[in-house]
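Chain nomenclature is as follows: A, B, C, D, E, F, G, H, I and J, assigned in order of appearance, with residue numbering initiated at 1 for each chain independently.
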Amino acid sequence: MVTKKEAAEAVRAAKARLGLTWAQLAEAVGRPVAWTTSALLGQQPMSAAEADAAVALLDLGDDVRQALLLQPTRGALEGAVPTDPTIYRFYEVLQVYGPTLKELIHEEFGDGIMSAINFRFGVERVPDPAGDRVVVTLDGKFLPYQW
Amino acid sequence: MVTKKEAAEAVRAAKARLGLTWAQLAEAVGRPVAWTTSALLGQQPMSAAEADAAVALLDLGDDVRQALLLQPTRGALEGAVPTDPTIYRFYEVLQVYGPTLKELIHEEFGDGIMSAINFRFGVERVPDPAGDRVVVTLDGKFLPYQW
Amino acid sequence: MVTKKEAAEAVRAAKARLGLTWAQLAEAVGRPVAWTTSALLGQQPMSAAEADAAVALLDLGDDVRQALLLQPTRGALEGAVPTDPTIYRFYEVLQVYGPTLKELIHEEFGDGIMSAINFRFGVERVPDPAGDRVVVTLDGKFLPYQW
Amino acid sequence: MVTKKEAAEAVRAAKARLGLTWAQLAEAVGRPVAWTTSALLGQQPMSAAEADAAVALLDLGDDVRQALLLQPTRGALEGAVPTDPTIYRFYEVLQVYGPTLKELIHEEFGDGIMSAINFRFGVERVPDPAGDRVVVTLDGKFLPYQW
Amino acid sequence: MVTKKEAAEAVRAAKARLGLTWAQLAEAVGRPVAWTTSALLGQQPMSAAEADAAVALLDLGDDVRQALLLQPTRGALEGAVPTDPTIYRFYEVLQVYGPTLKELIHEEFGDGIMSAINFRFGVERVPDPAGDRVVVTLDGKFLPYQW
Amino acid sequence: MVTKKEAAEAVRAAKARLGLTWAQLAEAVGRPVAWTTSALLGQQPMSAAEADAAVALLDLGDDVRQALLLQPTRGALEGAVPTDPTIYRFYEVLQVYGPTLKELIHEEFGDGIMSAINFRFGVERVPDPAGDRVVVTLDGKFLPYQW
Amino acid sequence: MVTKKEAAEAVRAAKARLGLTWAQLAEAVGRPVAWTTSALLGQQPMSAAEADAAVALLDLGDDVRQALLLQPTRGALEGAVPTDPTIYRFYEVLQVYGPTLKELIHEEFGDGIMSAINFRFGVERVPDPAGDRVVVTLDGKFLPYQW
Amino acid sequence: MVTKKEAAEAVRAAKARLGLTWAQLAEAVGRPVAWTTSALLGQQPMSAAEADAAVALLDLGDDVRQALLLQPTRGALEGAVPTDPTIYRFYEVLQVYGPTLKELIHEEFGDGIMSAINFRFGVERVPDPAGDRVVVTLDGKFLPYQW
Amino acid sequence: MVTKKEAAEAVRAAKARLGLTWAQLAEAVGRPVAWTTSALLGQQPMSAAEADAAVALLDLGDDVRQALLLQPTRGALEGAVPTDPTIYRFYEVLQVYGPTLKELIHEEFGDGIMSAINFRFGVERVPDPAGDRVVVTLDGKFLPYQW
Amino acid sequence: MVTKKEAAEAVRAAKARLGLTWAQLAEAVGRPVAWTTSALLGQQPMSAAEADAAVALLDLGDDVRQALLLQPTRGALEGAVPTDPTIYRFYEVLQVYGPTLKELIHEEFGDGIMSAINFRFGVERVPDPAGDRVVVTLDGKFLPYQW
């Protein structure tokens, strides 16, 4: 039996071997690229049709397909604080600006949270003469504290 | 001598007492609201003019003004993993989608990071019939690995 | 300026001194007892009317009242694992039955969570000849994963 | 020799392959669904009859059956703080409402705890026009501090 | 308001100043010495009569008396692993013999625990020509796992 | 080469398969049951005769026998705080009563410790109409601080 | 599929077997020695030509070559604090002189950081009659805080 | 009595109030700027003459002077992993390049370390058309492993 | 009431102010210098005569004297891993040579430990033309594992 | 390829099988016993001649020999705090006497450290009618802080 983690490694290896992009995989699967990537990395359960499409394009077997269908136990970081610099910068944003995010949400919406469940995000390149910019848009439903 | 942390508490208390908003403070200071909030919470050094404007509106004294001028030692979370639900959801996004963010940045830009230094962000309310949405835009310069 | 934590200590001391119960405080405040208790312990912001009622019954001053109005940074445990046995047993339930809870939620509802924001709970005594039972009902809206 | 953890993985795989539900497994085993699920996930020792029934329905071998009989070393979380959002929300409840739970138990019962040993729980779907609700009922014997 | 921790320090200081023993305090309080010691160190709530007796013998004031009456949040160690050698040795016993204790309890009683709530203990000196021995007797009700 | 940990797993499996008790193993080995159990779980080195007797009764091979002879690196818990409830209760005793144990040892013996090296313990069932009791006797030589 | 970590071990083994130096490998690869070493240890992705050159000199196979091409998840320490003395001394420098480094950067450049992405370093031997010196030059672009 | 930490805060405040630079303080003290900064931040003991010079220029009192003379217990970070981005980047260098540093030291010098005791460092600005660079030179005596 | 930690700080301050050495204090107290230092730093209880002598020489008051008499809760490090380099080197010895120490003790003495209770140590300067040496002698009674 | 850790296990197994002592191995290798033991446990690189001698006496193969030649990444403890009692006692010495060691080194030598690199140690049995003593002599070059 292949775990979702082993399936993710198999996906990465096949993607590199075949020279595929996450965008191509997303198109084949028929879902947004961020969702598709997270699903292939083991953080979302795929439908049978989605798994079929992914496995076909990646030329992988049924054991990987089975793993992609499973309900994940989510959580993709090795430790509490990520060490990889590309990921760490987002943790640094949280360390430096976390309470600011909280204040601005409460000022605009009142007491509550941005849902991380009813949630989507995207990564975009915004050209800039001083150097192109990575723009990440986090978009979650506001959930007010309701007793 | 007042620390930046004590100054932040004084700011919060005065803001609540006077019924001010972060947006009003930002307007007085003449900087974006997210930057102003983070500066008043102790994560940015203010210029003399910015600190003057903030302290005047908040009716606070020179000791707070001095603290606002200081270079901060940044880091606003009490522990490695935040416990406050409004802040935690951003950590959860990182736990679940961190490697996805990394893959998408590398696919679009190559090996490198989104800067958290040459960086700005904003929080917006996007109306939605199914419930308004919190949209957080993280916007940092791409920095390629360069030896 | 009194913090929410100091206010909570003042509440506990006054409650003990005056021989009040959380139920009496909840009745005065006009909210459920669990919500009222958590608010007086610093985990919810109170409205002005609620704070007035609580402070009047507890014979406390305006500084505590101000603290009760503040938006909290939530998180009430001293460490990641609680040491107090009454609280620890709930952590033990999570340690032993956490994955079971996850399986049963997914089986009944599909992929998603029990909200801890749109959420209420209660504690009840259920008489039992073999020893009365503590019955805690956790009641949160189901939130499906939605991209 | 198959460990209880490996047995749990084999159970999950067989259950997915055969399209079984925890409720069907519980019926076959003749125990409540929450207990049965936790036992099949390795947190309870099964009787020989219970293990026989489970293994028969899951079409698994004697090595899994042996593992299901073993006395477990309990504890099902990978770290002190769970990362999976479905499980984390229960930890968040503890972080925000732990001391409130303690106060309410002491107010109603005096000094003591809700047993996590003489204990059962259930998960229910409660229909609600604003969105169905997950209702978890934790039900443990009160144990007073007795010297 | 005096916390239970501050009360414990006041108790220790008064006990040293007056040359009292825990045994004398227990006799005055009318409870076993181990219970009395733990209560005066802040781990048990005392009845009014018990607190009166202790405070009278220790020549302490009403603020300490109030603190002794309070329901404690239990947990007396500074960190997860104690550093004091006298306390550490008990942790070492747990590190070396914890699984053995578990096996012997299950062999004799079946699946369950020694209660730490319905529980008492004592410390005794047992003369021995090769050096007197510390004999600690932990005595808790067996609680079987019962669903 | 079989490690002591693998040998312990082999012992548990053989003991379950053959329906043996720790008491029977102790009798065969000729040592107290608590010592024998801890040795077979990898926390004591056995003599050749002891290992021979254990391996014979358990019907295990020479590789396990070799492992039982080895000097152990002691420490049987997976983390600093045990998660298994049967073991955790002893940690809870330490959390709640650790400083009390220290006080009582110092009152009776002066500055020093209960040895965990010159040490033995036992687990006993004491019948009680209100429910039988687990009585654990920890018995270690007193070691005074001596420069 | 060979991971970057396994590839690093294969590189070390081959390098030792063949008596190669990092300098020779760097020359073959055509990049600075520090970069080449970090890439062969799994912390940089190599181009196809670089991986070809390295693998040829080290007499390793295509699986290692594939691994050298992969984008790494960076982070080379086993724990938060390194235990190896040669590496620890750099952590000690950070522990003792971290805030000094920060002050001197801010004094010279204003608020900002030394980039660890647009970054290079070298290790040099500087002869000294009192004992040769290790001189490590860390050289990163200054990045000012820019909103 | 003023601790070295309190003295460091007093130094920072006076330096800001008087508009002094670390370079000016170093000149007055007669030591390199990096050493002087670390000493005034509490990580080195100063001689009487050095403390006199610093205190005179900073217009501080004898209590600060006394503190500057004390032997420090070194270690300037709040936690194991620094949160301030300016300091964190050096930790990141260690995370990514630590083993590379080790390899290069061993290749050049054999088995041993760069001393962090017989050690000095400096921070320099190196102009660069693509953005000025922070160049940190760590310079420690090589110490070979010698039994 | 002065704690042992506050007393230790008072001792250090007075010692510095009066220009005393630990050796002089030890002579006055009439105990070995290592013991006396550890006692004055709060890790040993002093007898009345010892405390009298120390307090007289240090010109300190009765509150410090009272603190010196108290039974300590031992443990002098701020965290699990010391950050001060002078202390860290001993931790490094343990990290690198801990299992070697264990092997050599078992080879010479059999299964058991070097007591840290029946224990003394000393620090000596041993002249050496290549640089004088710090020689620390740890001297503890061997305690065999005895059931 | 055999790692140094696997080599250490092979050494221990062969040593037990052949009934060799560390002293015999040290004699064969021609180095002090403490050094030889630490090298065979993977904490020192051996020369070819030393590895040859060790492997010959232990009757092990070339893969172990290769591993003994490798430069180690040092650090022999499983966690920050050792659990094995024989090793823990040295950690306890550090916990209780660490600051005393620091004071005595500074008093005798001035500001600096005992080197753990230019370092040797030995373990000796010292007969004593009250029980033989373990005497560990740590002997490192004094390194003064030198800028």
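Some observations on this one:
Methods note: contacts are C-beta pairs under 8 Å (C-beta built on N, C-alpha and C of every residue); 3 or more make two chains touch, one makes a residue touch a chain.
According to UniProt, the chain labels map to these proteins: A, B, C, D, E, F, G, H, I, J = Cyanate hydratase.
In this text the structure is predicted, and so the values were computed from the model without any measurement.
Between subunit E (Cyanate hydratase) and subunit I (Cyanate hydratase), the superposing rotation on Cα atoms measures out at 70°, rounded to the nearest 5. As a whole-number value, the distance joining the C-alpha centres of subunit C (Cyanate hydratase) and subunit F (Cyanate hydratase) reads 41 Å. For this pair, subunit C (Cyanate hydratase) with subunit G (Cyanate hydratase), the centres built from the Cα atoms lie 50 Å apart.
Centres computed as Cα averages put subunit B (Cyanate hydratase) at a distance of 33 Å from subunit G (Cyanate hydratase). One inter-chain figure worth recording: subunit A (Cyanate hydratase) and subunit G (Cyanate hydratase) are separated by 29 Å, centre to centre, where each centre is the mean of the chain's CA atoms.
Each of the following residues of subunit C (Cyanate hydratase) touches two or more other chains: 73-75, 77, 80-87, 92, 95-96, 99, 102, 106, 112-113, 115-119, 143.
Every pair of chains in contact is given here: A-B, A-C, A-D, A-G, A-H, B-C, B-D, B-G, B-H, C-D, C-E, C-F, D-E, D-F, E-F, E-I, E-J, F-I, F-J, G-H, G-I, G-J, H-I, H-J, I-J.
For subunit J (Cyanate hydratase) in complex with subunit I (Cyanate hydratase), the touching residues are 21-23, 33-34, 37-38, 41, 43, 74-77, 80-82, 84-87, 89-109, 112-116, 118-119, 121, 123-126, 128, 130-143. Subunit F (Cyanate hydratase) meets subunit D (Cyanate hydratase) in the complex at residues 9-10, 12-13, 16-17, 78, 81-87. Per the touch definition, subunit D (Cyanate hydratase) reaches subunit B (Cyanate hydratase) in the complex via residues 81, 83, 85, 88, 92, 95-96.
Per the touch definition, subunit G (Cyanate hydratase) reaches subunit B (Cyanate hydratase) in the complex via residues 31-32, 35, 44-45, 71, 73, 99, 102, 106, 111-113, 115, 117-120, 143-147. Contact residues of subunit C (Cyanate hydratase) toward subunit B (Cyanate hydratase) in the complex are 1, 66, 69-70, 72-75, 77, 80, 116-117.
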